[in-house]
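Labels for the chains are A, B and C, by order of writing; each one numbers its residues from 1.
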């Protein structure tokens, strides 16, 4: 499991009765079961306990169950879809908490977190994902909405990644990323990422295009020295049509952020600041640790 | 704990927007605490985490607490009543998931799962059960609705079992199996079972009668060879009066099913097919494992 | 974790359809994570699973996260406020379950459990508490309502304790103990306690005053012999004005109780009886154990 606490500033919390700062606090406990058959097929499952500041109780995330070997694996339940599993969306994440998560290219204006992603308190949506890995090559395919005897709109996705030495590239496509129940309402998304390491520098680009809404390109870099790592990103969103991603004004917007982590040996001091497409600022500072 | 996943077919899911198939997925984690006094009295408790396909989060079942020795034991809380604890209702269970659970004689037409039974996501209903075991003889008595300072209708039950060699017989009676709050609304149930082993064959009969509703007799058998076991059952329900169990038409109905398990050494491949009193068909196939 | 079960009598449950007795049952599982940095700073977190009689499912309490050393510690989240952390409110607790909890001086008439206290099923209210300990001296300060970006009324508290040999004294003050959102509605509380040990006898006094409501003084004592401990308390509440604490009649009220625990070596037999300010009687008897 892991824990973290600290302070968060959010400039958007400026209504009457609101406070721009709050105390962040999170605890995560993973309960994992694993085993293997006589023929070497591995299997397991995960269920997570999670508590955050401001909750009225802790939560139990829905589980996922998996089976496979080094080459093939099937994962069923509350798990990432193919894109989130393969694309390097998170290399530019800054701060203790991730702040606006503006460094994830799948967050385009008001369209946030559409893609199937493991949910710590809920259920990603009954995902089934198949992974295939051989050498540096990996392929994932996924669908969702599989557990309810309904023929409703599902997100179907495919993504591939290729690793060569210090560099990894990935690309993927999700049909009906927004789980629309009518064909006319479906929004498809495609994404790609490329990242690698040059001595103490890490660099990543990730790009996503959401049909009829807009596209977002993110460039991020990290520099590690002694026990400290500094990470920064800049992201640019272009709307497909004026206001289609909730930006309007000029139809495009730049987001950016910078953060650091400093190892305390067992725990990590982390902080950062970011600015999102609404031109609001978030900042945080705190400590996180694993146990 | 344990996990399972697979595919389920249900012919009854044929409305517009429905799919007859779904992906089954379950994870169970038991958190058990046990200890003993200096005089050798054992005690303990169980709390269960459970997640299934289609849930919006995992669940925490209510706990049970027990204390006793080889001869006497008291169990308090979320636990089976006397009948479910003693009667061999489940020997004919088929498939990965149990399908219609039509092999349980206490499921009579539309009257399903009335008896106090451990609930993996909820609470059986604040049961208190006393167990007595000596030699091959066992006796259980139970009541429920004990935890709420209310004098509402409780299910009170008594059941006994006797084991001799490869054979076990059991019988029991539950007053107010439906937890009616008025004496006029009470439905009593009695059940019996007999089962045993002949070489690689296992055979079981279980029978239940629900007052004013109907009765159900189930015959099941299993045959084990190498790593495979095949199980089949046939069940016949007779209504006490036309339509009293929701069957009507002829006033009686036959249900049946067949399934198999095949050990993978650490995991089990399981599948089956069954037909219930509504003449609908369910089938499933998948893998389950313990960890 | 721990468990308990037994029987509870409550004379106030005398309405139609009610029963004065119920079966008590509780299971508690603490999931703790701990660690330390290279420089010896310790950190950790706790999340609790809890199930009680009468619940519809088990519960996951919100978590707390802490970091510090022998001298300083910060605890964030679902945790006791400064008063409950320092004042010896609970030395006079009787019975298996605590019964009316009338021995806690912060429970004044109808004003029950206002102070920030760790919640086993919920969240104390996003408390941040700082503890300082040196020699026998300890100081705690706390606030709450820190996790929601709201500037609503918080309970702010300070308390100190001092231990010398077998005796400990403590005092504390909470501003806005009732979390009122307007200054006019705020009720402040102050408390003190003193307790110690004389051979096999333990004695404690604790006193609380809730602004505009009333005050309560509690005297309790315990006597231990062989495997048995007997504890008794008497508490007197005075209203600030007639009916201000919901007592009325004479404007003051005496509460009392007596209980025992008897070690079974691994488990404990416990029982007690108490009378509260409404002149109702509760009694209980049962077993509790840790595992």
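One rule holds in what follows: contacts are C-beta pairs under 8 Å (C-beta built on N, C-alpha and C of every residue); 3 or more make two chains touch, one makes a residue touch a chain.
The model shown is predicted, which means the values in this text are computed figures rather than measured ones.
If you sketch which chains touch which, every chain touches every other chain without exception.
In the CA-based superposition of chain B onto chain C, the rotation angle is 120 degrees, rounded to steps of 5. Where the sister copies chain A and chain C meet, the same residue numbers recur on both sides for under half of the interface positions.
Once the centre of each chain is set as its mean CA position, chain A and chain C turn out to be 41 Å apart. Of all residues in chain A, those touching 2 or more other chains are 59-60, listed in ascending order. Every residue of chain C that touches chain A in the complex is listed here, in rising order: 31, 33-39, 41, 43-48, 59-65, 67, 74, 76-78, 121-123, 126, 128, 146-152. Interface of chain C with chain B (complex): residues 1-5, 10, 13, 17-27, 29, 49, 51-60, 264-267, 287, 289-291.
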